[in-house]
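This report concerns only the one structure given below.
All chains are identified by letter, namely A, B, C, D and E, in their written order; residue positions are counted from 1 within each chain.
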Amino acid sequence: MSAPLLQVNGLKVAYGHIEAVKGIDLELHEGQITTLVGANGAGKSTTLLALSGLVKKAAGRVTLDGKDLTKMAPHKIVSSGVVQVAEGRATLTTLTVRENLELGAYTRRDRDSRARDLDYVYGLFPVLKERAGGLAGNLSGGEQQMLAIGRALMAKPRVLLLDEPSMGLAPIIVQDIFRTLRNINQAGLTIFLVEQNVRQALKIADRAYVIETGSIVLSGTGRELLVNPKVQEAYLGS
Amino acid sequence: MEWFDNFWSVYSNLVLTLGTNALLALSIYLTLSCGMLAIANAAFMGIGAYTSALLTMNYGLPFPLVLLAGMAAPAFMAFVIGKPTLRLSGVYLAMATLAFGEVVRIALLNTESLTGGALGLNGIPQSTQWWHVALALALTLALLWRLNRSKVGRAFESIKEDETAAGLMGIDVAAHKMLAFVLGAAIAGLAGTLNAHLTFFIGPSEYGFDRAVDILTMAILGGIGNLTGPVIGAVILTLLPELLRSFKDFRLVVNGFILVLIVLFLPKGIWDPARFTQWFGRKGSRA
Amino acid sequence: ADIKIGVAEALSGGAAQYGVSIRNGFQLAADEINAAGGVNGDKLQLIIEDEQGKKEEAINVFKKLIFQDKVLMVFGPTLSNSAQAADPIAQAAKTVAFGTSNTADGITSIGDHVFRNSVTEADVLPETIKMAVKKSGVKKVAVMYGNDDVFTKSGYDNFKKALEDLKIPVTTTETFAKGDVDFKAQLTKIKAGNPDAIVLSALLAEGAPIMVQARQIGLNMPFIGGNGMNSVKVFELAKDKSDGLYVGSPWSIENQSDANRKFVVAYTAKFKTAPDQFAAQAYDAMNIATQALRKIKLGGDLAANRTALREALPAVKHVGATGAFSFRRATDKAGKPAGYDAQQTAIVSVTKGGKFSIEK
Amino acid sequence: MLEQQLVNALSLGCVYALFALGFTLIFGVLGVINLSHGAVFMVGAYAAEQAVAHFALPLWSALLFAFLFSGGLGLLIDFLVLRPLRARNAPHLIPMIATIGVAIILNNGIQGIFGAQNLRFPSGLVSDDSLSLGGLHLTAIELGIILLSFVLMAVLLVALKKTQLGRALRAIAESPKAAYLLGINVEGLFYLTSFAAAGLGGVAGVLIGLYSNALFPLMGQPMLHKGIAVIILGGMGDIRGALIGGLFLGFAEVLSVAYIGSSMRDAVAFGLLFLILLVRPKGLFGTLQERKV
Amino acid sequence: MSTALKLDSLSRHFGGLKVLQDVNLEIPQGGIFGLIGPNGAGKTTVFNLITGLLPPTGGRIEFNGQNLAGYQPHEITRLGIARTFQNIRIFKEMSLLENVMVGLHAQLKYDSLGLLASSGLFRSEERRARERAHELLSWVKLDHKATDKADNLSYGEQRKLELARALATNPKLLLLDEPVAGMNSSEKVELMIEIRNISERGYTIFMIEHDMRFVMGLCGDIAVLNFGRIIARGSPDAIRNDPQVIEAYLGREDDEVTLDATGAAA
């Protein structure tokens, strides 16, 4: 197998005395969907925030295509192509939907293709086009999630980090979102997906990690974990 | 006890000022603890001071009665303006209360026949004894301590954190805000009354913007997590300029530096129990 | 032994612009006296404290000076408000409190230990107004004053009384506040009343811009100013728009008396800036106190020394930078004798071409 | 007389607006009520005065110098005081208290160095004389202030509304975390804002110093009080609000002097402010940012 | 069975946006009632109207026969309606115990005089409140963390705390807005059991949820809201098979997205 696009070695993160992530290794391969699943408070969001440079790493190393991202400032990480859709969506409620999307392309200099990408996102989520001029704060929860994903896509990322994109969404939208994720993945985008919706996540993932209280306890292909009895008992509730 | 007599003759005013400033810091703490940035406390102090001084000078009322009136007048005023004002939030509330304070100050300037205008009131009898201040502070602390431990204190805190959620807990948000506001005004009025009967003189400029900001600074600098913070903040802010006298022309510059440093290194206020436990925790783990 | 004299003035905060001049005046006088051999062989030792222009601080500082530093007497504080709060402390401690810049009514009624050599404008303003009437044919005036400041407000009260006494009609009375930058609204209104002069009770910070802005909107009549305007700074601040300002005061920088010339030269040499009235009054005050000190014998008993000084002061007659000076007994609210005010004659001068010129 | 008063009101309103622009910008982006803005304003005026006195700079370069000097000072304040507080996640009133400390340092530092006496710019920097337009008096500096405050507001408004930088600033204003995730150099833009706002403050200091002919160490404090009223009246952080709020205050003050009496001026102005807040709890342009349940 | 809550042609507009249009709904006393519907359908808005956070544009709400028009949120709570929020709104700086005790506010019977006089009533009422709070925390299995700061709880725990706090107001009707959002399957199962237990204690529960296993597993009766109108109402089975609901909301189960063989490159 080729070298991983994004590699994480021995990542540790602490909040005060509490070590939320206790030295984990991850590999994201180009063009794949990798998923990280685990219970509430296991350290999933913390891992993603560390990758984006929003929390301090106590130890460990992150590289993208050989380039060291460990100590990079958050905005530089985004410009190098690692873009996150955060938990809670981080919608800019006082800006319009369209302005939110335009800000997604903040790090990009190619102004011309921005309009094309906007159309692409509107194609994925037509409701955003309808509400383009309205304040993003007035969107419903599900609409905001779509906006957050669309906004991240506007950055033309190499790696898309998603923190629980299905949270609070209607079943039909969840299916939509997962379908969209698979589509954009098939168009070549590398995706790192953190999910509570373990079944769905494992179904579309090439590669999966299970995290428990800050440590990776299991890994394998999505399908392997889907049938793993431990996973079934602890996360699939069956 | 000679040293004490000496000390007291030099520093009595300073010590009693500590007491009244602590009352002022507590008065704003009360509204802050309810999540309201209301800074009319300087004005309430002024209303208390003028009401009581006028009663003393023009009618010769006994001091206990004057104290009561000095608290009642600002409390009543707070009640009247509280109704429309307390709907405002954040800095807008701050501004509205500040504007109210300006109006009070200008009213004092313009009602010359009663208040002496810019010349103020002078020759106020010095009725405040040290134990008045001590007792006022002790009673206020006891009252607030009790309040904090009751459902009212919990209601204040929940309103501070999330007004909507507090309302849905069955708490009458408007009534509780009003209570904090009125009580805060009464305490500020108490401080104003004690101060007026200590310093022979009061004038409108004492109750303006600068005093309002001073009061706020004392509370925030000390920490508004509990009752100790505002008192400590008042003590430090009152003493600091005295302690820095040797810096002469640049002493307020040094004063400013110290203020900034305190804020930088103790951003939750000086009295922050969480940090203390953290320090002790750290020491413990090292041992 | 050194003679310890307390000086409590506002050296920081807004009032520092007066407090600093005052301190300089004291310092100059004390240095001169010490250089000339001191008081009966003893040197004057000034203990200078900043009272920030706040009443609480003034009380604290008075207490410190009187009870801790055990000074013989206290000069200050800078503002009348602070004096109302602090002078009773000195009075109770039977220590002389000597104000050089407190002009408000009633200060000297606090008690018989309260002295001042600051002329209350009541004595001066009628002279100024009369001079303006005489020289510029003033028949009706507009009045403008800072109503949130004791100094300018009590100045206004005196103007008002003087205008009433002289039966000069007032077209309009306008106020402003400390720190204002724009006075055109008031001036425009004044212009509509078409007065022959503008009576102005202001400090320089506002007074100079008022003159400039008045000229800018075409008000070219004379100004009649109070003590606050009596400073050569007005030329620096109002430049070519400073002409036509009448001020009356015992002191004028242009007064060519020996005492004053000596003072102006020495002050300018020492502090690299021209003196103002605040400095002149402080300078004289120190000399007045020194005269009293020369007359008494200082023993080991502080209380006795303080009393002796108190007894000696009222008799002092002095001719200084501010001219001939003597004390005048004031009365308290009940009409009983209390402290001492200044008795001086006013010099009226008018600004012309960047200079004060004395009008006779 | 009314016409002249209206002109007076316009120029006074623009004086307030000019001061308020930088003040509101800082609040809008950093979320800090920067109580040292008045002191920075004063330092800008003093810096230009010194530069003019020593190097006989013409007006435009004095303004540029004041912009850079105050801007640098703003940057320094941000770097030394506000940035550490951001990093420590200080509760929201804390930065404001820190800026009070900064203001104390600057006001008293300047007083320690230059004394408490008034200064003024050398005459001849701009003409003191007024132009008379059909019986109305207006000085060059007033005209300049009026023009500049409108132009600056328009420029800032367009920049914030229409450019990617402006959107980024608004994003930061709402949520620095979201802005980070979008690849916005948040710290960089905080610095830029602090620099620009303080620079504008310095320019305002020079112009208003020229307007009133008086520089003194505490000249920023009354401006600050009025500035707070203006930006809250307009709606915190709103650029249009700074101008409208400034004009409102200017007109309220001047007209109450003209028709009610000058001793009631501030009572009328603040009383109106109070009433407006009761009707529009978020100021004239404030958007209700009530979060969804 | 009597009616707990009745929505009578309820509407709400935001400017031109008609979020709710003539919604009629009756919720019987007892049991667990579900409200589902696409994102933005207006579900949370329904809760906001019931709890008095927003006034309706038209129509009326009756609770146990009483018209709620004009009531303040805290008065509605005291009438016996409590809720949780879609975006958790606990009091983060307070301990778990305090959070729940805030919910008990209206039930503490001491007045401000008793508070000052240190009367026995004050102390006994506070003790009673503390005991009750512990009891409620143990219902949601959080009692062991009673003195922790609420902010330190994980997401799922915060949701449970919110539930306990809502119960503390002694409601007759409990509104839950997406109680299991952000929980994993085993946590959901656990909460399902807890909610059923609560319902069996006699509370009427009205909940919004997107998790179909959860809704279908708990609710006997479900309404579906779409574009501000009720489009279906009935048993889980009826809802599951309603073509309109499938079209607007559920999608087809077999449509679940998987990584098909071609997608599984690498």
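In this text, contacts are C-beta pairs under 8 Å (C-beta built on N, C-alpha and C of every residue); 3 or more make two chains touch, one makes a residue touch a chain.
In UniProt terms the chains read A, E = ABC transporter ATP-binding protein; B, D = Branched-chain amino acid ABC transporter permease.
Since the model is a prediction, treat every value here as computed from it, not as a measurement.
**Student:** In terms of CA centroid distance, which chain is the most far removed from chain A?
**Tutor:** Result for the farthest chain: C.
**Student:** Could you find the chain whose CA centre sits the greatest distance from that of chain E?
**Tutor:** C
**Student:** In whole angstrom, what separates the CA-based centres of chain B and chain E?
**Tutor:** That pair's centroid distance is 42 Å.
**Student:** Give, as an integer number of Å, the spacing between the C-alpha centres of chain E and chain A.
**Tutor:** From the centre of chain A to the centre of chain E is 29 Å.
**Student:** What is the distance, in whole Å, between the centres of chain D and chain E, each centre taken as the mean of its C-alpha atoms?
**Tutor:** Each chain reduced to its C-alpha mean, chain D and chain E end up 47 Å apart.
**Student:** Quick check on chain A: which residues sit in contact with 2+ other chains?
**Tutor:** 138
**Student:** In chain D, which residues are in touch with two or more of the other chains?
**Tutor:** Where chain D meets two or more other chains at a single residue, that happens at 108, 111, 263, 266, 291-293.
**Student:** Any chance you could list the residues of chain C touching two or more other chains?
**Tutor:** 12-13, 147, in rising order.
**Student:** Show me the residue ranges of chain C that touch chain D in the complex, using the header's touch definition.
**Tutor:** 12-14, 16-17, 19-20, 147, 174-182, 184-186, 188-189, 191-192, 204-206, 208-209, 212, 215-218, 233, 236-241, 273
**Student:** Spell out the residues on chain A that touch chain D in their complex, using ranges where they run on.
**Tutor:** It comes out as residues 52-54, 73-75, 77-79, 83-86, 90-95, 99, 102-104, 106-107, 137-138, 151, 155.
**Student:** Would you tell me which residues of chain B are touching chain E in their complex?
**Tutor:** Against chain E, the touching part of chain B is residues 143, 146-147, 149-152, 154-155, 157-158, 161-162, 164-173.
**Student:** In the complex formed with chain C, which residues of chain B make contact?
**Tutor:** Answer in residue numbers: 6, 9-14, 17, 109-110, 117-120, 122-123, 126, 199-201, 203-206, 241-242, 245, 248-249, 251-252.
**Student:** Spell out the part of chain D that touches chain B in their complex, as residue ranges.
**Tutor:** Residue list for chain D touching chain B: 33, 35, 81, 84-85, 88-91, 93-94, 97-98, 100-109, 111-112, 225, 228-229, 232-233, 236, 263-264, 266-267, 270-271, 273-274, 277-278, 281-283, 286, 293.
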